[in-house]
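Heads up, the thing below is written out as structure tokens.
Chain IDs A, B, C, D and E follow the sequence of writing; residue 1 opens each chain.
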């Protein structure tokens, strides 16, 4: 029996001896090898899927239509100005077939409706991945040639955010994420520049620490630094996971560094009244001042009740010093010129009452275990070093410490960060969304020496933040300008004169929007002068409890003096006017009875306004819209008329539909509404 | 031209049977030309067939490789994002490895220039024609030159910490030492073989050895920051 | 080999048209076979006869022929690839992607081009060392050796310039690293790099220059030198024949052009 | 050729999977008790976003024949392709409850989620819960109905929003009322939203929103209504109105 | 190989065997060459085109007053609105491919190159053009825009009525 080697040798000898035979066989082999190439090309993935698709639609009732729509071969969307070459439709053949709504297998699923056409943006602008690829693996997953895999569906809203830098109604997650970035001050350390060359701004209000020693104790600072959430569940301050010694030293530094306020602002002696204040009276003052519109307090069930514009007050008595609180309640701006807290013009007894009421909200457990020895100079020096290292001055104003610039990495293009530049920790999925989410969820898991603190975000908030961050991509910077929908510019409107000063003191802009600036908690006042009658406005400022008594968040009573009120009212009536409506074009009263009656008919039958509004408090029940029982004393006739014609033109987004009313109907309804006046008796009662 | 001819010319008889070529033998040509009478075959088809065969087999191999191994294609060129390590094509990795140790002038200029010049002059270099064993003539002088050169190179490489090149150098030097102390009539076939090698052979072998080692090291054993990595780990 | 006279091919061979193109015919006589070589523009670089010894694998490993084979493959695939390639940034990269994803068999051709290029560099090196260790560089072949060195450099340059063309990260940084070596040359190193790249950085200019070098200048140079190289093989006496070792050992003899002739006429002194 | 390769690759993978199956599986849970019915505690009918975890966990309770909670019964959760559960199976706790976090699949729409357990005889019993994934259009519809419709159409009051439902003489239909709303064609709904109740001879208390809302917004509202309707809206080719 | 071996006598069978392998070799190469030609043809036919879509969105019908002739230079089409309805014409002269121009003062479409003249309906009035201007497929999209498919011609006088 021949050995293998011998056989090989004899075979090769035979080959060499007879080159013609070898030539024949080798040539044939070459032919076979060359024939594989086109065959391999023919059995491509996309052709396979197209055949599957044809089989799928073959038995359907609408097969003829679908077959007519079907185009074989590689299909491509080419958008040169977006840099898009998408061949996704080569496999995803049924993307825009509305009738395939019941098909759930990929790649033949129909695309759910979106407000953009497929040939307008292609696929990868939203879904990422590699549009040019014609194989599943290359198109969907990250490869050496393309690090950007498909964006998981849960983050898909991030793609809307590449062009849309304003909140969209259909992208709640993205909107929430962006709001969180601003509200938790993420963008203070990590700057995010937008394609319109603006920069995202934070909306949180970190207090200045210049005079912190007057406000609170070192023990409280220590407890707060160790765990802000133990003081207030709603705290936006993150946990820096400081050691006991580090928290001790930082608190020592902050107290030692604090500059005492002038004695005329904070009297050194406590201003506690001699007699114990009545808690019921305090609670009622707290209630009628509508403190809860901005401040929340934890109820017995552990839920926060109240607004989130100001800090949570559940344990505030354990935090602030009484003399400081007295001064703060008297005029918050002397301590913090940027505060959102309005200056209530409380009387001294009211101040004392309020102070005592607020001070009563304490938590004895908060600092039960905090015992700090007097600070040494080394501790203070170390505290200063820590404050610098942790970048406290990025958010807080601290005497003697410069606000650092570019404290943390810029995130303007984080959504396009190459995987090669990320350092993953073991056990995590190696994708960009997972990386970002992990960084937000547990930043110190990437290294205990990192400075990024621990926030208490829920899983949904992490999702939302990740979505928002994924929207800041390279692509959003390279989009053609026609596609960029910039963020609304931040209005810096500031009313002038004495009225302006008053409005700043009262912080009107915290709730109301005027000329684009301000919050959205309360109505926009830009055209208030056109809308309302002077007398009503004056009365309202005196006692704001008249409109919509059912609401929890309401306009507080600021105890303005008559002269201050007059200044404000005059300012409103002269400045906040729209040029589109002539305020004096219609009379405030004197409409014919017939017209009023016609309006009544329209109100109750044709337009059924009573489903949302009340004119007759005894009979009507609707209270979606404001009650109209005294609307004739409140609004001007031209405003009512134009409002009825097109409510959204006067206040965008208002619920009342545009009924496409004729001038005649609107006129009659105006007459009817203007007849609803304050009765003299009721006026007298008040 | 009245002088007698410098040469004689002859021609074969039957051109149809087997064509022959004319050779002019000038006076300067050595008269002791002896060419063994070898069996010859027609280039067509014998030679061409074999060439075609060789090329066909190569083509089959390349076609099969091309069918099953895709050429690398990475992300689009990005001047702002340097991959780590950034490597030149594989045939320059030996050079890049050298650049890691030596100043650019040495590794990037001196060495390649010397190499090319050396390659060009090899055929013109006298010792090659003799094709004698390196240490067969002038043994003493050549041995001392060898010692100096080997020591010099080794020290030079050691000084620059080029252990990657030092090791092959030492190995080649060791073999040269064996050659130096082997007789051409040695009973061992390998020693006989080494002893018969001329200096150009040694230089070329050294170059080949270095080239292979450096290219392999540069290709497989170099990771981020041109640090030493083992290819089979991760 | 022709058998009988009935085959279509044989009939075709007998037509006037065929014979006007292929003058030599396929006769089996030595003359016919010699004419087949001599009368063909491409083949006439070969001599009509070759030593049987040289056809063995061990003599040359066919490295020269294989190198030439890879060069042919590269020329053919390269020309086809050129038809889908725009030497501009960033279109070049998109074109390579298109070759991969949408051009029929584009990926195969690119693979073939790429791997053949690597094979050619390898084969050229192997050829060189094989020639060296066989001693085939010795006079009178010393000039052909020099041409071989030039061809080695051309091959390296061809491969190097082609490396940039896909315009991917691999290409870009390989060329950046490679071109920085040349700037190490004192005095004119920077200038050389400047000229090579058409600028200070690897950018669109460099891509265009490398494209022209890769597709026009260097291939032409390679063809020219290959022609000279092969012509010199013939002029220097055909493929090198090594004389038996013991003969040389005893009495070293200078070698003279060994021709393919059976008979050598010795001149008078 | 590639198909052959693909087939052989798939075969190899299957074999590999078959070999590793025994080692890779999670530690098995063993039921210590059995119940006879599963009831939903909370977490059904949630509106989530595609591909994301639902805001609330799905909590179900295992009861015995007397309706008492059973501890230690094994409950497994199953869903359509793309739906994942964390955990996918667990034993009921001391109050008979099993809680799982549900992540919905990528396409928007209705997802039927099944919680399954076995009774004493080894016979299975299940609870089917529907979860909803709102795509862009449905999300937009949700926001729009929240702004414009919910005050009348949603009888539930909340501290932030008091429902007007009780004040209306003719009661509006909640959007989940599939029995009624599924009888309306898309065209009917468009008409009634755009032109008010009288357009279909229904109550004038429903005002017209045709001028206030764009056509695509009305379509989004309908898409939302169809998504949440119970019993489910039978699927037909929904046509998206282009802007 | 160099040692002299006695060559075995060539038999008849040997000759036919050699012929077979020669034919196999040359035949394989021939088939490969022909296959390569086919392969090259496939390779050279692009599977995707980077060309503007032949379907042109001409915008809303309101943009075209009645009795108007509008030339879209970029897509080389005329959009004509007549009493009978809309039509669109290929604006490339059928003679030698010049872009024609609308002469409102004469009410004709004229080619600047060799003087061909066409009516608003594309009918040839004068000049060397061999054929009338072709009518292009025109329809109204779901969004209410006029769409023109430049790659599809239709029979003349099939107006788009809105």
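In this text, a residue touches a chain if its C-beta (ideal position, glycine included) is under 8 Å from a C-beta of that chain, and two chains touch if they have at least 3 such contacts.
Just so you know, these numbers come straight off a predicted model, no measurement behind them.
Common neighbours of chain D and chain E under the contact rule above are A. Comparing chain C-alpha centroids with the centroid of the full set of protein C-alpha atoms picks out A as the closest.
Across the two interfaces under comparison, C-E and B-C, the one joined by more C-beta contacts turns out to be B-C. Set against the C-alpha centre of chain E, every other chain centre is closer than that of B.
In this assembly, the C-alpha centroid of chain B lies 18 Å from the C-alpha centroid of chain C. Separating the CA-averaged centres of chain A and chain C is a span of 67 Å. As a whole-number value, the distance joining the C-alpha centres of chain A and chain B reads 70 Å. The residues of chain D that reach two or more other chains are 242, listed in rising order.
Residue positions of chain C touching 2 or more other chains: 52-53, 55, 97-98, 102, 104-105, 108, 168. Taken residue by residue, chain E touches two or more other chains at 1-2, 18, 22, 39, 42, 47-48, whereas all remaining positions touch fewer.
Per the touch definition, chain A reaches chain D in the complex via residues 36, 39-40, 43-44, 48, 98-99, 101-102, 104, 109, 112-115, 117, 152-157, 169-173, 459-460, 463, 550, 552, 605-608, 611-612, 621-624, 647-648, 653, 655, 657-660. Residues 1, 3, 52-53, 55-56, 80, 83, 98, 102-106, 109 of chain C are the ones touching chain E in the complex. Within the complex, the chain A residues that touch chain C are 16, 37-38, 40-41, 74, 76, 85, 87, 132-135, 138, 145. In the complex of the two chains, the chain A residues touching chain B come out as 19-20, 22-23, 26-27, 29-30, 33-34, 36-37, 40, 144-147, 418, 420-421.
Looking at the complex, you find that chain E touches chain A at residues 1, 17-18, 20-29, 31-32, 35-36, 38-39, 42, 47-48, 50, 53.
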